[in-house]
Amino acid sequence: MVWNTNLRWRLPVTCLLLQVALVVLFGVFVRYDSDADPHWIDSKMQQNSTSDLENEFYYRYPSFQDVHVMIFVGFGFLMTFLQRYGYSSVGFNFLLAAFGIQWALLMQGWFHSYDQGYIHVGVENLINADFCVGSVCVAFGAVLGKVSPVQLLIMTLFQVTLFSVNEYILLSLLEVKDAGGSMTIHTFGAYFGLTVTWILYRPSLHQSKERQSAVYHSDLFAMIGTLFLWMYWPSFNSAVSNHGDAQHRAAINTYCSLAACVLTSVALSSALHKKGKLDMVHIQNATLAGGVAVGTAAEMMLMPYGSLIVGFICGIVSTLGFVYLTPFLEARLRIQDTCGIHNLHGIPGIIGGIVGAVTASCASSDVYGVKGLAIAFGFDGFKTNWNASMQGKFQAAGIFVSLAMALVGGIIVGIILKLPFWGQPADENCFEDSVYWEMPEEPKSTVLHPEDSTLKPSEP
Amino acid sequence: MVWNTNLRWRLPVTCLLLQVALVVLFGVFVRYDSDADPHWIDSKMQQNSTSDLENEFYYRYPSFQDVHVMIFVGFGFLMTFLQRYGYSSVGFNFLLAAFGIQWALLMQGWFHSYDQGYIHVGVENLINADFCVGSVCVAFGAVLGKVSPVQLLIMTLFQVTLFSVNEYILLSLLEVKDAGGSMTIHTFGAYFGLTVTWILYRPSLHQSKERQSAVYHSDLFAMIGTLFLWMYWPSFNSAVSNHGDAQHRAAINTYCSLAACVLTSVALSSALHKKGKLDMVHIQNATLAGGVAVGTAAEMMLMPYGSLIVGFICGIVSTLGFVYLTPFLEARLRIQDTCGIHNLHGIPGIIGGIVGAVTASCASSDVYGVKGLAIAFGFDGFKTNWNASMQGKFQAAGIFVSLAMALVGGIIVGIILKLPFWGQPADENCFEDSVYWEMPEEPKSTVLHPEDSTLKPSEP
Amino acid sequence: MVWNTNLRWRLPVTCLLLQVALVVLFGVFVRYDSDADPHWIDSKMQQNSTSDLENEFYYRYPSFQDVHVMIFVGFGFLMTFLQRYGYSSVGFNFLLAAFGIQWALLMQGWFHSYDQGYIHVGVENLINADFCVGSVCVAFGAVLGKVSPVQLLIMTLFQVTLFSVNEYILLSLLEVKDAGGSMTIHTFGAYFGLTVTWILYRPSLHQSKERQSAVYHSDLFAMIGTLFLWMYWPSFNSAVSNHGDAQHRAAINTYCSLAACVLTSVALSSALHKKGKLDMVHIQNATLAGGVAVGTAAEMMLMPYGSLIVGFICGIVSTLGFVYLTPFLEARLRIQDTCGIHNLHGIPGIIGGIVGAVTASCASSDVYGVKGLAIAFGFDGFKTNWNASMQGKFQAAGIFVSLAMALVGGIIVGIILKLPFWGQPADENCFEDSVYWEMPEEPKSTVLHPEDSTLKPSEP
């Protein structure tokens, strides 16, 4: 099928309309929170706080910046592995994330930071907006190469909305703990994206098969994304945890899980190749599954060895998924998952939800201390009559709610994106930057002959 | 014209002379400030401070590292978009910045940290030195590809000096606020660089036209620069703001402005192409204009929607500049602006100065609180009789001073750099690494045939 | 000689065995330290600490993340300069570091954090584990391209063990100060790696000579590594220093030393080329020598000019080493040092040890203050009868112990790695990714002709 891919009016109008709406909504609703307001000096004096460091900024800002890098460089470059889709991978990720964080500030703000008619934003809101967009980046991985930037903006608009509703149900109604977002970010994002790509199924996608693989340098660009995701994941899982020991513990657990995951990913990648060779796809992706799967439990008393076990399992499961499950999904279920997000975010996200539920239900005041337990799970507020076992059940419920929201939302959004006027590429033009980008001419002599005959050497 | 580009004696002698001079000057003048001196333990006890965290290091060091990345990776890789000038972009940026930060520590130190015969350096000095060099990196963008490393070192020597004088006039004499340097860094840097390139006008530059564009992978390298600049810009604009709410607010405002800027840059880039395609040059550059333009006002009560509006406008103005203004400047005004810094730093810098002046003149104790207003603009010191309106006027004056310093300084430095013995490349050899770099031979069979016939498979 | 390079069973079994052993050992030994344990709230209340910021996490976490980036992106990409070994450089570095940090947590834990049957890990342990692996990454540079991943895992297993013993001797028995690891990390790592590569000498390595050089884009990838190492080195040298002024001072000294080193590296690189051209190898490597050489003394009162002098000398020495010493070592001593680690880590490491010994022996209470001196060198504990001169002698002894451990350990490990069944590549297949990696097919028409004839333009 051939669609019109000239976006000259559709993309500018979409961007400008969305941005104007955001300006108006920010004008009406968004104000600084008390730690970012000049009156902070007054409240600091009232609280007899002597130190400027008590400003939330100093607790969270370094983690925020790490998360920010993960969203823009991490996800952006991870997807540059395709030989002819580097501009779009980095550029569209940039576009959707820049829109998504603004919309997320509003949506999450209405649910969580709304007071007396205003949303009050501080550094924690910035982190949560990045988190929300992280789930869109995950879904982007499933449809990568097959959608137009207009479709991506529309998907982001809806997905951020649904994410915020789902997050509100989990965190505020079910009182679930999910610091690193195994359920809210990864499970929701992955199954939402898989559902959308299932609806957008392209039976003739094999026509652009030759561009679905990597070239040598595109794989190295992708490793930039992998490594920044891998290195900063401890910050991701600890960024919004409680101050002090919880943030500290979340970082340690994530560090351990990710390290173990690398070894088992490498082991399986080699074992599943008939000559024992490693596959870059596994190294780029499966090594990260350990970070996804400790997202929920990272701030809990998972213990370092528990984290290693989670990473151990996820490296194996994720690599197996790339080798056996992705081809199966495409051939049998008509799910064309470009980046294999089912293996990196889907299954590990569900594992993470389960690990979190089990770890929570095993919590006891022996392990956490009486006060520690109350703080860790909020049992000191209106949840006074809760116990660990109840917490575990609600955690488990969170997985199913996230899956349900993802499937229903994905079907609706998928149908909207299937409309024929969003500028999507033809099947034979998928995974090709030149559809949406002005491309550089290929260099002629100069690059092929650097001992450049056009270069007149100056006299010494 | 043909110059001698063999730098064998000129570059080593320049580097070594400068570095020896720096060693001597550091020996005479530079000492640790009190927070970096072992006697800090005594002063801490005198002040009854119980916490080591009160050391300035913990307030500023994470921001410092982010700024450091912007200067070396951000600016360095942003300029690698040229197909045959990647070594020089990254390498010369590295060289000039490494020299510039040392010289800036001295120059800024004499103006701002000089006490009893010594310059006392701490982490804030390191940040300010990086800032100062940032303005040199901006100017480098205008002359990129057309100058020798010796010329760059000389330009850096003079520009850092002029920057420090201009900064002293603005911050200390005019009492201007300019946390993110819209005026001191971007306006000054851009118009200085444009004046230098105007003086160095090369009528036959079209002879190296074919190397002035990108190739596929060089554009991806440039995106590394773009994204690290974009992500860490909130740290840039907040790095030297007052502790607490001011730093916090500066980060939020910059985050908002940059996000809005991406959407309008994309919108205009598509709207201005006859087939609606995006241009990598705009995505790499115009998306950053929002960070430049909130530099002055970021720490003020610009409000989140105000930041969005600034970003909105700058994305549009900057992209229009790339499409219409840069060709006009080259054709009519003989200003050959390789990286389009006029669109990214020049105009947005001036906009930033204006936004700062307006925001400052609207400041009131209703919005800031009595104490907050005094702290934000330093109205509690010897500026007790100042008010917001006066502050606004002085802010506006800062723009004109910066422009004047840039133009006069640029002419002088341009004339010095026009001297024929600095090893500059001939017109037909511009934008070419091989003039100054030992180049690798192009690979022969191995890269073209990776199913390598020279690879003897071992027996299983 | 031809070995079997099919790793199908050897690599998976090695990875899985090691990881299972780590899980068991972590289960038996590793627990959270008190700052990462939920009981922290109780100890905080006992100490009358009002601020969550007193958690060690907030002192060290930003530095930890910077160090983490250096190990994985810094070292990983630094080694991608080889034209056909990018996958292996980044990927094997990722593998060995992920294994090494786990094993280092245990080894260093037994020596330094063992209490009542358990190792208690916190953020400082994570930093130290990264440091330990840093020394393995250094050694990897010497054998790069000539060993299999199985050999690397075995080398890591032994080297981490030896590192921990050596570190224990230096830090705990000799009471040496070595915050940035000039001796423990760089000297030990470099001479260990050089000894291993000496044992593994390959007389016919010239058969893969054509892959031992760079291509244009591989050099740009390597610059990513260089710059992240260079920028974050101040964090590396200050990460585990005492809170407050010591961390602050270590960052300043490292910043100064590295800046000076860039100018002298450039100077020598140009001076040693007959046409005055710069060599990327020097820019990528010698510019970092200044960071190595202030590793020991960075937290001491080296003074900013002292740091500049150290950087000045190391830029010269390191560049001279690349031009004259590396070919000599290969031709005469049969030491094939792929990355020239002798010039970047070996000699500068020894210089760093000497600078540290001299600086320590010059320490006085005039310069440090009475309390400052006691804190800086731990003279207030059971070292009450020590003085600066004794400290200097013990520092010097540390260099020799590190060298001895490196040589003896390197010989033993080299002999083990020489066994013929580890899957090492044949001489003619060294520096070639395709031995261990599934390679992408070279693109056909699409990349060569982006004005893509297969792209059917949609109707407007």
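As written, the chain order gives the labels A, B and C, with residue 1 at the start of each chain.
Everything that follows uses one rule, which is that contacts are C-beta pairs under 8 Å (C-beta built on N, C-alpha and C of every residue); 3 or more make two chains touch, one makes a residue touch a chain.
Everything numeric in this text was worked out from a predicted model, so none of it was measured.
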Fewest touching-chain hops separating chain A from chain C: 1
Interface residue overlap between copies chain A and chain B, same or different (over half shared): different
Cα-centroid distance, chain A relative to chain B, in whole angstrom: 31
Multi-partner residues of chain B (at least 2 other chains): 6, 51, 53, 58, 62, 216-217, 224, 275, 439-442, 447, 450, 460
Sites on chain A touched by chain C in the complex: 2-6, 51, 53-54, 58-59, 62-63, 66, 83-84, 210-211, 213-217, 219-220, 223-224, 227-228, 230-232, 234-235, 243-249, 251-252, 255-256, 258-260, 262-264, 266-268, 270-271, 273-280, 283, 287, 301, 303-305, 308-309, 312, 367-369, 371-373, 375-376, 426, 428-429, 432, 434-435, 439-442, 447, 450, 460
Sites on chain A touched by chain B in the complex: 6-13, 15-16, 18-20, 22-23, 26-27, 30-32, 35-42, 44, 51-53, 55-58, 61-62, 65, 68-69, 72-73, 76-77, 80, 86-87, 90-91, 94-95, 98-99, 101-102, 105, 121-123, 126, 149, 216-217, 221, 224, 275, 436-444, 446-452, 454-460
